[in-house]
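Note that the chains are named A, B and C in the order they appear, and that numbering of residues resets to 1 at the start of each chain.
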Amino acid sequence: MIDLSQTISSNTIVYTLDMVGVAACTIAATILAKRLQFDVLGAFFVSFLGSVGGGTLRDLLLNRHPIFWLHDLNYIHFIIGLSLIVQIFYHYVERLDKALRWFDALGLAAFTVIGVESALSRNMSAPIVMLMGVFTAIIGGVFRDIVCRQIPLVLQKEIYITASLVGSVYYLLLLQTGINEWLRSISTLLLIFSVRMLAVYRGWNLPDITLQPKEKQK
Amino acid sequence: MIDLSQTISSNTIVYTLDMVGVAACTIAATILAKRLQFDVLGAFFVSFLGSVGGGTLRDLLLNRHPIFWLHDLNYIHFIIGLSLIVQIFYHYVERLDKALRWFDALGLAAFTVIGVESALSRNMSAPIVMLMGVFTAIIGGVFRDIVCRQIPLVLQKEIYITASLVGSVYYLLLLQTGINEWLRSISTLLLIFSVRMLAVYRGWNLPDITLQPKEKQK
Amino acid sequence: MIDLSQTISSNTIVYTLDMVGVAACTIAATILAKRLQFDVLGAFFVSFLGSVGGGTLRDLLLNRHPIFWLHDLNYIHFIIGLSLIVQIFYHYVERLDKALRWFDALGLAAFTVIGVESALSRNMSAPIVMLMGVFTAIIGGVFRDIVCRQIPLVLQKEIYITASLVGSVYYLLLLQTGINEWLRSISTLLLIFSVRMLAVYRGWNLPDITLQPKEKQK
């Protein structure tokens, strides 16, 4: 007999996580669009790209059809509604710059967990699972930055992809233990969130691994 | 008994619309490529991207295979032939700047209708149908602008996505009536074209919905 | 009875070619990423995009699943390992600028042959086969340049797409003869490589086909 309550509660977690990530990305993308003076629909477009772009590429690569937002219209309605609110109250939201970093880190964490779980449900190997976690978490932002002609920040000097990878590895390790699904998702989420926020406040970067030629070291 | 004449005529309309859109996008992309001093093949590449990019993404998202230009070689031949002509007569075509706007608006209208009909043929819901209309109409241009390092104009201050959306809504409303297919496509095309051209000549923009904080309104 | 030795040797050629192309693109992408001060993981990401991006788009367009690097993890391991080495010895690799051009040309040649053979294995028509050769060879570099905000060089004034196309046509012609598979792949590879290197050293460009208006010709 299937434990329905378990299934529902697990799906609910994933879905809630996903919406948290979508919300974080929609807010970030709408603010960027406003700065670039895009109009209402342009901001919708960039929000849509930034928040479901990563998951869409993941689904295309894994050949998962239909793409999630094609059959669950909540995504479109949620993105449009939230982006509209952010646009109306733009001058107030803009002041919350610091708060947004927390939200952005939450998005990174949520999307990584979603990506990892998607790849696992398609029986992918560990490296692909980690890659799909990272892709789901960062590609939307990369797409958004490309359309808005920014050099994607996530590729530069910040612990961003790293936080996502640390979380994926942790999730895969937990999978070897018998730990319950709910705890696995939530603790991974918290780990990624913590690594990212610590990196922001401590100014953590990855070390430079490039060897310096002798003459330059003087 | 199937009304063959009806089927053929309806397919012919769609196909003609599609080629009009492809022509408009090829001309616009080739002119941009020449300005950036791309060579002959670079201009072909950008033309191809600009004119079939939107439909290709739509087909990938809807999982429609084979992609339309893989089995109908007319697209490739038409794009290469037209881009070649535009390149040869570039200094003459460039002068037709105003005429190009009309052509561009026709492309927007044609691709929206094509996108809407593609999504309907896959039994998509109304919001997805509207989205696919917009995607088919604008994504090619967005791709083209990204490769050419322009900020995509369609996302900024012009009634462009709006015209496409107005047309999609109108098409979906007509679908509720018993109106004949031919009339539905053509009248939607004319509506989008008119909205776009009126916006160009009257300088229409979407209103700014952002609330201004009190202190700034003085 | 199947000639196993033939099958294996042919697959080995294709696989070796592919890895040569991946190596060339990984080195080029890592160097670009280091110049833009991307961190270790950012450089991995750009290397991955630059080296398997073209093949991935080709597989998505041709609906070939699973995407090649999803089931053959050698690609990921090879790219990460090589990119790591290039990053560590960046200041030494950078000096090999001229040598890199040879490597890059080899990548162009290898990826074209792979792309042509992929499309042929899906029974595509000649124009699509040529297009897939070009796409596989150049799209990864175009993606890389887009993320790194460079105008894609391949679209500008250099014999690059041309070399790829010349090779595709030559391959398709050889296919009409009874020539053995091994010779077909290798001679196409050498042809593309030679055309590209000659273009680099002789400064070959495609002729400008644009007609100059009379008044400008004085």
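Criterion: a contact is a pair of C-beta atoms (placed from the backbone, for glycine too) under 8 Å apart; a residue touches a chain by one contact, two chains touch by 3 or more.
In UniProt terms, the chains line up like this: A, B, C = Predicted membrane protein.
Predicted, not measured: the structure shown is a model, and the values here were computed from it.
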Could you classify the chain A-chain C contact as same or different, where same means more than half of all interface residue numbers appear on both copies? different
Write the angle of the rotation needed to overlay chain B on chain C, where the fit uses Cα atoms and the result is rounded to the nearest 5°. 120
Rounded Å distance between chain A and chain C, as computed from the means of their C-alpha atoms: 31
Note the residues in chain C that touch 2 or more other chains, in rising order. 60, 146, 149
Residues of chain B that touch chain A when the two form their complex: 60-63, 124-125, 127-128, 131, 138, 142, 146, 149, 151-152, 154-158, 161-162, 165, 205-206, 209-213, 216
Complex contact set, residues of chain B against chain C: 33-34, 36-42, 45-46, 56, 60, 65-67, 70, 73, 76-77, 84, 87-92, 146-149
